[in-house]
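Structures for review follow.
Here chain A shows up in two complexes: once beside chain B, once beside chain C.
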Partner chain A sequence: MSAADRPLLSVEDLTIEIAGASVVDGVSFAVQPGEVMALVGESGCGKSLTSYALLGLLPDVAERTAGSVRLADTDLAALPPRRLRKARGKDISIIFQEPSASLDPLATVGAQIAEALRQHEAVSRREALARARDMLEAVGIPDPDRRLHQYPFELSGGMCQRIMIAIALICGPRVLVADEPTTALDVTIQAQILDLMKRLVAERGTSIVLITHDMGVVADIADHVAVMYAGRIAEIAPVDDLFARPAHPYTALLLASVPRLDVAPKATLATIEGLVPSPGDFGEGCRFTDRCPLASERCRAEQPPLFEERPGHRTACWHRDRVGEIARAAA
Partner chain B sequence: MLGYALWRLLQAAISVFGVITIVFVVMHFSGDPTLLLVPQGASAEQIETLRHQLGFDQPVWVQYLAYLGGLLQGDFGQSVVQRAPAFGIVLSRLPYTIELAIGALIVAIGVGLPVGMLMATYRGTALERALAAVVLTGQSVPTFLSGILLIMVFAVQLHWLPTSGVGDVRFLVMPSIALGALSMSTFARMTRIAMVDELGKDYVRAALARGLSMRAVVLRHVLRNSAIPVITIAALEIGNLLAGAVIVETVFAWPGIGQLAIQSIQSRDFLVVQVIVLLISFIYVATSVAADFAYAAIDPRIRLAR
Partner chain C sequence: MSEEGETVLDARDVAVHFGGRSTLFGRPPATVRAVNGVDLVIRRSETVALVGESGCGKSTLSNAIVGLQPPTRGSIAIKGRQVVGAGRRALNEIRRDVQMIFQDPALSLDPRATIGATVAEPLSVRAVARGGELKRRVAELLTQVGLRPEHATRYPHQFSGGQRQRVVIARALALEPALVVCDEPVSALDVSVRAQILNLLVTLQKRTGVAYLFVSHDLSVVRHIADRVVVMYLGRIVEEAEREVFFAAPKHPYTRALMSAVPEADPVVQRAKQRFVLKGELPSPANIPPGCPFHTRCPLATEICVSDRPELTPRPDGARVACHHA
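This part shows the complex of A and B:
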C-alpha cells in the first residue's frame, strides 16, 4: 500500500469490555485525511465508548481488551500514558455531547482555550490568549475580546460547543472526534455547528469521527458511515451508497424509520420492533437476530463476518441479498 | 457584588440582634437573677435593695432597652464573683482559646484536607481503606476520652509532652489534637465527597482530552470546584471547635473561655456566661459571612449573579 492511500486513522479490532461483557466487539474502520466518518447507532450500541477509546479516555469501569488505534504511524492504544497525553489535544481532539458541562464553570473561556495551547506549545500567557481570541473568531463567536473573559455560565449551549471546538482545534489536530456534538442543542444551532464543522474540514483538512444517532446529520456531513449495533459494526459504506442501497437489515429498518416529508401526513412512523439486547444476553450469532425479519437458524448460531458487497461497502449479514425486500417494503 | 456584600452584612446584623434578644429573654424568664446573687440567708430588705440597684424592679421593656443601651456602649455588666467587668474577664481568656482553636484548625485542615484528597484520588485502593479507618477513629472517639488517652500515652507513659496547662508550643500539641480530631474527620469526609463528585463531571474528561495529566486536572480545576462545600463545613467547624473547647480546656486545664464558661456556670456568674454566649454567637455569624464572601471570590456564578 502506498503512503498516499494509507488512512490517517485506522482502528483495528477494537474490543471493550465492561464487567466481562464485550460492549464493543472487534470494531474496525479507517478514516482518510479530510474525511468525515460517522459512527451511527442506537443508544447503548457502543459508539460513544468507541469514541472515548480513540483517545484512551474510557471510564474506569470499561477496559480495552484488544485492538489498535493507529494515527498515521503511531498506535495510540499502545502508547504509555505520558506519550498518550502528548497526543491528546495535539494530534487528536474530542468534543462532547454536553458542551456546557464540558467546561470548568470557575475558569474563563479564554483561560481554558489558552490552557489547551500551553499544554502543547511553549507560548507565553499573553500570546496564548491572543491565539485563543483568533480561535474564537475562527469558530464564529462574535465579539471575541469580550467572550474571552466570560465564564461558561454566561454563554449558551451553542456558544459553549463552539468554544469546545476552539479548544479542540487550537493545536491543529489531524483528527477531531465529535461525540454527539449537536444532540443537546436546538435544531437551528445544530445546523450552525454542523456547518462550522464542515467548514473546518474543508479549510484545515481535519478528519472527523462523528458519533451520532441522527441519520439527518449523517446525510448532511459524512463521507463514510459505519452503522453499529450492540457493539459490532453491522455495515460500513460510503454515505451515498449506504442511503441508496443499504445491505444490512438493521440499516434498512433504521432508514425506514426516519420521518419523511414526502409520505402522507399522520402516517404511522416505522419503528424497529424489540430492544437492543443487553451485553449479558449476547448470543453466539448475529446480535440483531431477535429483531430481524430475515433471521434464520444460521443467524442465531453463527456471527456473520463483514462481507464486501461492493467496493468499500461491507455488511455483516448472511442474507444480504434479501435486504432489498425490506427497503422496498418500507418505501 | 457590593450590593451582595451589604445585604449579607445586614443579614448578619439582624442575626446578632436576634441572638442578643434571645439571650435577654432566656435570662429574664429563667427566674429572678437577684436571688442568685445574694448570699444565703440575706434579708428581704437586702434583696430588695440589690434588686433596685440592678434595675430588676423596672418593667421588662425598660430593662431590655437599658440592656441594649449598655451593649452599644460596650457595657456587658459586672461579674458578681470577681467584681470586675464581665467583658474584660472574657477578653482576658480569649487569646488562649484562639490559640487552641488555631492549633485545632491546623490539625483539622492540615490533616483532613490531604486525607480527603488522597481518599478521593485513590478511591477503591488499600490506601483509601487505611485512611478511612483513621477518619472513622477521629470521628468516633469522644473528645474527653481522646484527651485522657493522649495524656496517658504521651505525658504519663512516654513523658514526651506536658500533661496539662499552658506554656510553650509543646503544651498546645495534645489539646489541639484532641480538639481537632473530630473536625479533621469531617473535613476529610467532606473533601472526599466533594472531590469524588467533581471527578465524575464532564469537564474533567474534557480537560484530560486536552492532554492534561490527572494531577494537573485535580490541581487546576477539581480542587477549586470542590472548595465550596468544604468552605461551608469550615465555617460550621469553627463554631464547633469553640463548643468542643469547653471539654478540651477542662481536660487539659487550659485557661480559655471554655474553662471560664464551666467555672462561671458553676459559680452562677451569669453575666460572664452571657458574654461568652454572645461572643460565640458573634463568631458563628462572622464565620458564615466570611464563608459567603469566600464563595463569591471563588465562584463567578455567585459573584456575577444579580
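This part shows the complex of A and C:
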C-alpha cells in the first residue's frame, strides 16, 4: 500500500481472548476515508467484539491480547484511558442496535446531543443547543425546534436512532461504528436510516464500520465487506466482487441460503449443516472445517492464510479454486 | 384464489379494539383500533403470509385467530367451528386444530422441562397417547423435525436457537393441527439456520397438508414460502394477491414502498432498484387518519384520499386492493 492511499482506520492482527480462548483471532482490515466497511457474520462470529475493541469498549471478561487499531497516526489501542475517552465521540463514535436503550430517558434529546458536544468542545450551553438543533435537521428530524425539547419516549424507534446518529456525529468524528443500526427497525424506517447514513458518508466524508448479519443491508450500503467466521476473517473483498464471485465456502453458502428472486418458491434452500464450534474447541486448522463441503485433511491440520485471489479480494481457504462448485450446486 | 381444498380458516369482518372505556380517573383513553374489519380465508395446504410493519395489527389478528384475544366484532371459524364466543370447552376442542409458533423459541419453552416432556404435553393433556405409545409418538415427532429421539431427555439450554425452534415446531404439530399461525418464526435466527427452518416448514406442509398463516416483515422470506400474500396497514388489509401476481405487479403504494425498502441481497440489483421511500412515520392506531389511513405518507394522495376510505376491490388479475389511485 503506497503512502498516498494510506487508510484512515487500520486494524492489524487484532486478537481478543475470553477465558483463554481467542474469540477474535488475528483480524486485520483497513477503511479508507468516506468508505463503508461491513463486518458480516452470524451470532458469535466476533463481529461485535471487534467493533467494541475499535473504541476500547470491550466488556471486562474480554481482553485484547494482541494487535493495533490505528486511526490516522494514533494507535487507539495503546492510548491511556484519559486520552481514549477524549478520542471517543470526537474521532470515532459508535451507535448500537437498540436506540431507546442507549438514550437517557430522563433527559431531553437536545440536552443529550449538547452534552456530547460539550464533552469535547468549550462551547456555551446556548451555543451547544443551537448546534444540536442544526444536527437534528441534518439527520432529517422534522420540526427540530420542538423535538429538541422532547424526551426519548415521545419519539419513535426510527427517530431515536436518528438522535443516536446525531449524538455520534455532533463532534464530527472521522469514523462511525454502527453495530446493527437498523436491525430493530421496520423496513421502511430502515430504508430511511440507510439513506441517511449514505448521505452522511457522501457529504461529510465520514467512514463507517457497519456490523450486520443482513446481506441485503450489506448490498445496499457497503463498499467493502469482511465476512467473519468463529473469530476470524474468512473473506474480505469489494462488495460487488464478493456477491458475484464468493471465494470462501462459508460466504458462498451464506449467500445461497438467502431466498432470492432467482430461486424457485418453496425450493429447498442451501443450508450450512452443523453448528459454529465453541471457542473452547477451535482446533488447529480452519475453523469452518467441520461444516465445509470442501474440507480435506489439510484444512483440519493447518489454518489457511488470507490468499489474495484478485486485487483487494482475499480469502482464507485452501480450496478456493473449487468454491465455484458450491455456488453452482446451490443454484 | 384457488377454490380447491377445504377451508381451514374463515374470518369475517374481524375487529379488535383496545381501551376507550372510561376509567375511575376521568377521561377515557383513546380507543386503539388495532384490527379494523379484516376478512381472511385460508385453505388446506396453503401458506398465507401476513405482512406489515410494527403496529399494523398483524400480531393482534393472529392472537384473535388462535383465540388468545377475543375480537370486538366479527366471526372467526376454524374448520367451520366458531372461535368467537366459544366456551372454554369448545375453545379447547378448537385449539386442537390451530397452533402457534412464536419468534423467540427460548421464550416459548419451559427451561425446566425436558424436550421430551415439552413435546409430549399436548398429547398427554388430551389423553391422545400414554406410556409406550406416547414415547413412540414423541420420538416420531422429534425425527420429523430433524432432531433425534435421544434428544428427548435433554433441556432447552442444551440446544441452539434453530434446534429450539424445531422443538417448538414439533410441539405445535403434535396434535396434527389444520392451521399453524407462525408469528415471525425465523426472525430471531441466523441466516443459515433460517434456511433450515424454512425448508422444514415446507417439507412438513407437503407431508401433512397443514396450512400456515405466516406473519412476517421479511419479504424475501415471504416470497419464498407464501402462496398468497396479505398486506396490512393500520389494522386493515390494503392489498391481497397470489404470490406470483403480488411480486410481479404490486399495486398499493404502501406495498410498493415496502418492496422497495427491503434491500436485495445483490448489490447490482439493489443499486438499479427504483426507490420509493416513504416520508414520515406510522400514525398511531389510537389516532387513525380519516379517509384512506395511508394518505398521510402516500406519494399519490389526492383530495378524495383524505375524505373517502377506499374499499378492498378486486382487480382483473385476482388481486384485491384498497386504493383510489393504484
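Just so it is clear, the second predicted complex is superposed on the first by the 328 of 331 C-alpha atoms of A that agree within 3 Å, B and C clash if a C-alpha of one lies under 4 Å from a C-alpha of the other, contacts with A are read in each partner's own complex, and residues count from 1 in each chain.
Here, contacts are C-beta pairs under 8 Å (C-beta built on N, C-alpha and C of every residue); 3 or more make two chains touch, one makes a residue touch a chain.
Please read all numbers here as calculations on a predicted model, not as lab measurements.
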Q: Put chain B and chain C onto chain A via the superposition and say whether they clash or fit.
A: fit
(Q) Applying the document's definition of touch, where does A:Y151 land relative to chain B and chain C: first, second, both, or neither? (A) first
Q. In the superposed arrangement, which partner chain does A:S124 touch: chain B (first), chain C (second), both, or neither?
A. neither
**Q.** From chain A, separation angle of chain B and chain C (C-alpha centres, steps of 10 degrees)
**A.** 70
Q: Please work out whether A:S296 is in contact with chain B alone, chain C alone, both, or neither, and reply first, second, both or neither.
A: neither
**Q.** Touching partner for A:S278 - first (chain B), second (chain C), both, neither
**A.** neither
Q | First, second, both or neither for A:E115, with chain B first and chain C second | A | first
**Q.** chain A residues touched by each partner, larger count belonging to chain B or chain C
**A.** C
Q) Is A:F96 in contact with chain B, with chain C, with both, or with neither (first, second, both, neither)? A) first
Q) Looking at the superposed set of three chains, what is the minimum CA distance between chain B and chain C in Å? A) 8
(Q) List the residues on chain B that touch chain A in their complex, please. (A) 201-203, 205-213, 220-221, 224-225, 298-301, 304
Q. Hey, which residues of chain A end up touching chain C in the complex?
A. 42-43, 142, 156-159, 186-192, 194-195, 213-220, 222, 239-240, 243-244, 253-255, 257-261, 263, 265-266, 268-272, 275
**Q.** chain B-facing residues of chain A, complex
**A.** 52, 55, 57, 85-90, 93-94, 96, 98, 101-107, 115-116, 119-120, 151, 153-154, 164, 167-168
Q: Quick one: which bits of chain C touch chain A in the complex? Just the residue numbers, please.
A: 53-54, 160-161, 190-196, 198-199, 202, 217, 219-221, 223-226, 243, 257-258, 260-270, 275, 277-278, 280-282
